[in-house]
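The structure appears below as structure tokens.
When the chains are written out, they are named A, B and C in that same order, and each has its own residue count from 1.
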Amino acid sequence: MSKVDFAVDPATIVGLIGPNGAGKTSLFNVVAGAFKPTSGKVVFDGQDITSLPANAVCRKGMARTFQVARPFGAMTCLENVMVAAVNRHPRKARPFIEGFAQEKLSLVGLADMASLEARHLNVVQKKRLEMARALATEPKLLMLDEVLGGLNTQEISLAVEFIRSLRDKLRLTVLWIEHVMGAIMQAAERVIVLDQGQVLMVASPNEVVHDPRVIQAYLGE
Amino acid sequence: MFAISVMNGLVIGVIYALAALGVSLVVGIMNVVNFAHGELYILAGYFSYLFASALGLNFLVAMLLALALVFLLGIVIEYTLIRPTYGNDMYSLILTFILSIVLQNAYLLIFGPYPNKPPLWVKGATDVFGLFSYGNQRLAALIAGAGVIAVTFFLIKKTWFGRIIRATSQDREMAELNGVDTTRLNMLSFGLGCALAAAAGVILTPVFPVTPTAGVPVALTAFVVVVLGGMGSMWGCVVGGLLLGLVENLGAAFISTGYKNVFGFIILILVLLVRPSGLFGRTKI
Amino acid sequence: MTGKQLLWVGGLILAGMCLLPLGLDIYPQHVLIVSLFYVMMASSWNLLAGYTGQVSFGHAAMAGIGAYASGILAVKAGLNPWIGVGIGTVLAALLGLGLGALCLKMGGIYLSLTTLAFSQILHIIIVNQYDLTRGTMGLQVPGLVAEYSKLAYYYILLAAAVLVLFVLYRMLHSNLGLNFRAVQNDELAAKSIGVKVLQVRVLAFTVASAMAGFAGGLYGHYLLLITPEIPSLDLQFYVLAMTVIGGMGSFTGPIIGAFALNILAEKIRDYGEYHVLVFGLIALSAARFAPNGLLGVWRKLRRSTAHRTVN
């Protein structure tokens, strides 16, 4: 990646789109602290977090999901979320943690799967679990990586509604990589277009979808 | 004293390099560390001794037969034990460790605790550079070892098969996309790795006799060499092996014989601390 | 099982264990004592390999540290063995801390190789420093009690094992335990939700090493002779086999494995010194076909009888 420069306003949904290989997940990795950039800075909430490792970044208030869900397979759904919860609230008692985690599971509709081991979930449920886990870290910024893959139309609109509600009720900022264009167009207030490791443009969904350079970038893939 | 230690160092160094090549190959292709590597080295020695002494076969035939058998055994081991664990490093580590102990005890049971010696290829000694007298068998071992290493290099660097191996160890997915049957390749590579251990075994066991546990230090040293030379580097194995052989023998001669094996392990830890990629290795496994 | 049920079952087992040796001869008592040593070793190794994904080959070495530290201090400085065991435990903990920190940035294979190197270096030093350790002949050390009594040692090691298991149990059921398991399941994901992976790993290493040192110290003073057999790959193998066969990653697995294999070894000894080979073959089969060990097999049987539907 080179020449990637953008800012995200709080309590907004920002879409991140671009053809395959544009570097979207790599960008997430740099922002989340999994990779170190060779130059440049990542500033979060006024703080320079560039050199922080992933777990410190999380504690600053940034949570992410993975393109291919990574649940803790041998642990139950509740335990999965509890891990996030205990790291967020290390001094709280176990009953609080369990209740907190259960609430997050309910939020994503997995309440009755609480005692099921995560490896038994299907792909969509795993993505929801990952969302619950991320929310349990009580982030200010939520980074979603292609959470709609594999969903049907109805599930997609429910998911979009859900993400919108996160922004509205929890004042969450969402940075969202997605291939399902319709959802981004509906939900996002601004869209960043990435192509070949560079920022092509940052604009409203409407402007982006009609821009010839964007269309060219996608046709070229 | 110095010169003889150097010679000894070279001889054992070549063998270390050979054993390390076997380990490196398997690690590069399958990301598996074969703890039982030493036991396969020794098995070749046992076979070699058996065929030559008990069955009275010509020593060269005995050696080749031993090599072939260990190669086949390697394939069987890959198929039955290693293959199901592919992707889980921890399990293959545990499995091969257990296998190593099982084999050691099996040898104890079958062959007994007393050392066996495959027959010498050549007897007597030669005057090296007119400076000192050195055993012919050891000289032969040095030449044979170097020869096998050269053949291995040729195989990996010049042949079509070698190209596939190199490509797969660098990027497995790409290789698969290009039609490489990686499962078959795993099997063959593992077998080849074992064959290299066997080669080291048949070459050195006429010099250092065969006991059930004699393979353990060989395997451990091979691991040190691979780390020292750098994972995935063939030249690393050669340079690392020779270096280690020299350090050990010179150290034993001039510092202390009891602590001979410590040098290798200390080197291992130092390398992992300071430069984990080794002398020639890639920075990523 | 609920907490209360667990307490009752645990209490019953403990009571049983207290009464067990009273009806036995000296040799069976010895077997039980050795089993208790291995219960501590296997359970603490399980913390590393089963719960935090670190396959350490240096665990026996840590037991050796505990044994030799305590023994040498007792012989050379006349130190009370009880204090010696304490010092041995602390020493092992410190070394575990150092070793764990060393292996911090290393992947699985490298960690295993480093712990292997560590154990080999220690073994060589012990064998060579004859003046201090009496090398392969072994160091004769005083016991923990003035008058030798198998029964006394049994209760001492039983108490020690209960202590170790109690500490492990509390750890695993605490927030730390959740972190351990998260790191083992998926380190990257754990990092992304705030788990301090490095700290968790080093902590596990330190605690496990301390337990091994503790067990080794007590064992040495029980045997009255400390040899390089303790910090050896053979002992490491026993510990590994017991954990794998009993069930890695579970709490009771290593306990079951330790007792089962020790008793099995005695049965086999009637026929000859084949027990290592048998252990190895069983462990091989377990690792290959039943990675959750005896406990996993038992759990599977229970599950197949209790029908479960998943949506």
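Please note the rule applied: a contact is a pair of C-beta atoms (placed from the backbone, for glycine too) under 8 Å apart; a residue touches a chain by one contact, two chains touch by 3 or more.
Predicted, not measured: the structure shown is a model, and the values here were computed from it.
Excluding chain A, the assembly's touch network remains one piece.
Using the mean of the Cα atoms as each chain's centre, the chain most removed from chain B is A. Two chains share more touching C-beta pairs than any other pair, namely B-C. Mean C-alpha position of chain A lies 48 Å from that of chain B. Look at where the CA atoms of chain A average out and do the same for chain C: the two points lie 42 Å apart. Inter-chain centre distance (chain B to chain C, centres taken as mean C-alpha positions): 32 Å. Interface of chain C with chain A (complex): residues 175, 178-179, 181-182, 184-186, 188-197, 249, 310-311. Against chain C, in their complex, chain A makes its touches with residues 32, 34, 53-55, 58-59, 63-64, 66, 70-75, 79, 82-84, 86-88, 90, 97, 112, 116, 120, 133-134, 136-137. Chain C makes touch with chain B in their complex at residues 49, 53, 55, 57, 102, 105-110, 112-114, 116-118, 120-121, 124-125, 127-128, 233-234, 237, 240-241, 244, 274, 276-277, 280-281, 283-284, 287-288, 291. Residue ranges on chain B touching chain C, taken from their complex, read 27, 31, 33, 80-81, 84-85, 89-91, 93-95, 97-99, 101-102, 105-106, 109, 216, 220, 223-224, 227, 256, 258-259, 261-262, 265-266, 268-269, 272-273, 276, 285.
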